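Chain naming follows the written order as A, B, C, D, E and F, and within any one chain the residues start at number 1.
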Amino acid sequence: MLTHLDSRGHAHMVDVTDKASTAREAEAEAWVRMRPQTLALIQKGGHPKGDVFAVARIAGIMAAKKTHELIPLCHPLLLTGIKVELSAEGEDRVRIVARCKLAGQTGVEMEALTAASVAALTLYDMCKAVDRGMLIEQVRLLEKKGGKSGHYRAGQAV
Amino acid sequence: MLTHLDSRGHAHMVDVTDKASTAREAEAEAWVRMRPQTLALIQKGGHPKGDVFAVARIAGIMAAKKTHELIPLCHPLLLTGIKVELSAEGEDRVRIVARCKLAGQTGVEMEALTAASVAALTLYDMCKAVDRGMLIEQVRLLEKKGGKSGHYRAGQAV
Amino acid sequence: MLTHLDSRGHAHMVDVTDKASTAREAEAEAWVRMRPQTLALIQKGGHPKGDVFAVARIAGIMAAKKTHELIPLCHPLLLTGIKVELSAEGEDRVRIVARCKLAGQTGVEMEALTAASVAALTLYDMCKAVDRGMLIEQVRLLEKKGGKSGHYRAGQAV
Amino acid sequence: MLTHLDSRGHAHMVDVTDKASTAREAEAEAWVRMRPQTLALIQKGGHPKGDVFAVARIAGIMAAKKTHELIPLCHPLLLTGIKVELSAEGEDRVRIVARCKLAGQTGVEMEALTAASVAALTLYDMCKAVDRGMLIEQVRLLEKKGGKSGHYRAGQAV
Amino acid sequence: MLTHLDSRGHAHMVDVTDKASTAREAEAEAWVRMRPQTLALIQKGGHPKGDVFAVARIAGIMAAKKTHELIPLCHPLLLTGIKVELSAEGEDRVRIVARCKLAGQTGVEMEALTAASVAALTLYDMCKAVDRGMLIEQVRLLEKKGGKSGHYRAGQAV
Amino acid sequence: MLTHLDSRGHAHMVDVTDKASTAREAEAEAWVRMRPQTLALIQKGGHPKGDVFAVARIAGIMAAKKTHELIPLCHPLLLTGIKVELSAEGEDRVRIVARCKLAGQTGVEMEALTAASVAALTLYDMCKAVDRGMLIEQVRLLEKKGGKSGHYRAGQAV
């Protein structure tokens, strides 16, 4: 049974009024694959050049706070910590890892996934003039702590 | 050279004041991979059950309109048409295709990519209680028309 | 046929790319019925007391600008004029009239209706501590000019 | 005395810092009156056709989360449950009922009223091309639980 | 050390998950200097004319609620009280004082400063057609209570 | 006469439907005064350390796009270019200059002023843990081009 649908299949925002408030944490990742020349453009000697990674980082942080405005059935919540990191991996990929924290009644998986996705889209935006074929891939939950369903950790990368 | 950075590497919103206003169109896709049981839950006899696809469709449409609030250096623009379609593919994947249109000074690639991404995240949200390991993959631009850079069409799926 | 659904019944944002940009105008009303004592509280000697009507007026104006964020299939647009007026009518009603203008490709009926509705809700909010039974009624389009469908004027109040 | 004005008539957001956090609940309704042909278009054999009711439902849910952005003096709050239902009534009306829940310091009447109003406006938007004379009526609070003022239940429909 | 940067200088939203929730309060001011004729236009016989101060007041209140959407590393929070006051000072200045309250894990200085700033910008907007040279000055924190850093009170005006 | 008020003193969004669309440009500044030790912390050897200036730059750019949501009577518009620059001045001040461009019916002064103000507030936010007494000062319009009122250039700093 999908929890977001009632018995008639109608969407609703799941009632969590009576759930306990506990410490929650979630980590998600997204990868952006690009041409080696594109990655070379955004970093130089191994260091990101100019504001590129900073813009993506901040876009991810701000998007995490907007999750409940984007995902219709997400509960509004008060994130207590957000971290978004980008790193060049190999010669043609950037990995984004987003981590969100909360003391509340619902998990923060969607916030971490939204932060990673929007950071990836922001990277795409800044590089699209030189590389339209970039690919965002493997957006997934890495880890989740807290709440009734307990600890979750993803397997190895697919 | 990355157009979104000035000579010192500082981010700015590219000046398009003098660009001509032309008809623009972009199409993007995203895929959500899930367990076959999960896909079976959201469709029944080949038809989506309840509001699941409708919620994702509407989330994608509304997100396209918010693109410039999410992607820091995107220009605000007035989309003239948005379409988001979801379809079950095989036994364990859902494909999302988003198409945006505009008569304006900038392309609408980011709007189509944002619509597809947020529709995918919404699908994840509705199914996450039964399948935390879902994967969003192959978020990419399929086609782009209009503007100085002309027609772009992606190659076959990687 | 409902224009907002495609042939399969799926919602989309109607494609207006090829519609001409013309001068548009729409006027809508909403009525708030309350106890005579409540109306007496918000006006004194025939004049609104303190900020009550001003707050509702501004809420209506700001809501008109947010219409496309609230109504999923509304096109974003650039209103060129918004006016919201409130007046006490008889001993127990307030009438709200909102007028929106635009030079664009779509009508502004939803913007005028949203402005009137949110102004009415704001009035309810400010008075609810003394009168929970207030009623918002007869929210409707009064007039519409411009666009292919031409001039529309509502009949007498029902 | 109106609680939202200070002694000089100036609007402010009422200080609730010291109010206890209790379970809150509110239910509101709105009615949309239309031509029988219009209602026939959006339902078929007694069942809503396509996405129409789903779009209105989701618009109402998302609007409830935006209430404090729309109503100037409303407190921001974290809704823990939202439900919006639409039903055809007779041959020419749709009834919308919205229910919001919260554990917090302020009531959620405005959230329920906003959800019902925006769902009604969304219905208007989707049908306006065939029926400009639709009427939104009887937007009102049906029930309210929790908080110092206790239980409120509206009388019979006016 | 700047708390908003990690050891590599990367921005993040500071983790406050483990901070105690305490009563917080902050007061900020902003001044708008204008030509005496401009101030005379917005007040008459010592009383503000029309909606001018009311619009600025409401803009300030609504902006306080939006602080975490504007300031990238600010935590979202649930203000429990907001007050914005404007007063004419001498013949050519308006003083704006904003006070915000919260029971939460982070201070509300940014909310008070944002409310004062946006009220000042709103005043500028309403008068700019007659006085482009207006100056917003001395935007600063006046007082702060609650939290680990304790009570802060600004010295005399600079 | 204040253009934003009608003959009764009621606020409205000025009707610009019939104004010509012309190229517009505005530049505004804001200054943040801080302790020399604070400025030393955010720059090192004359270069901004870590993400500090980048975060403020991006906050300013994103705020410019939100101006019409913050300033109640501002028209929504489609900025075609935004640039925000920060520079350390002397040993205890940071100067922020924001420039906005548009081809449209209204000026972009408020957008430039809002960008500069929010960048200044963001700087305050990142440094407030070490320096609560920072001061935002001299927020003003530097230059304005386009539109009926023609070219405006501010005099020397007051």
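One rule holds for everything that comes next: a contact is a pair of C-beta atoms (placed from the backbone, for glycine too) under 8 Å apart; a residue touches a chain by one contact, two chains touch by 3 or more.
Quick caveat, the model's predicted, so the values are computed rather than measured.
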item: Between subunit D and subunit E, the fewest steps along chains that touch one another; value: 1
item: Set of chains adjacent to subunit B and to subunit F; value: A, C
item: Copies subunit D and subunit C - interface residue numbers shared by over half, same or different; value: same
item: Greatest separation from subunit C - chain, by CA centre; value: A
item: Most distant chain from subunit E by Cα centroid; value: B
item: Computed distance of Cα centres, subunit E from subunit C, in Å; value: 31
item: Length of the line joining the C-alpha centres of subunit D and subunit F, rounded to whole Å; value: 37
item: Chain centre separation in whole Å, for subunit B relative to subunit A (CA means); value: 16
item: Sequence positions of subunit A contacting 2 or more other chains; value: 10-11, 51, 54-55, 57-59, 62, 66, 69, 72-73, 78
item: Contacting chain pairs - touch in the sense defined above; value: A-B, A-D, A-E, A-F, B-C, B-D, B-F, C-D, C-E, C-F, D-E, E-F
item: Touch list for subunit A against partner subunit B, complex; value: 1-5, 8-11, 30, 33, 41-42, 49-52, 54-55, 58-59, 62-63, 66, 69-74, 109-110, 113-114, 117-118, 120-122, 124-130, 132-141, 144, 149, 152, 154-155, 158
item: Residues of subunit E that touch subunit A when the two form their complex; value: 6, 10-17, 68-69, 72-73, 75-78, 104-105
item: Touch list for subunit B against partner subunit D, complex; value: 51, 54-55, 57-59, 62
item: Complex interface listing, subunit C residues touching subunit F; value: 23, 54, 57-58, 61-62, 65-66, 78-85, 101-103
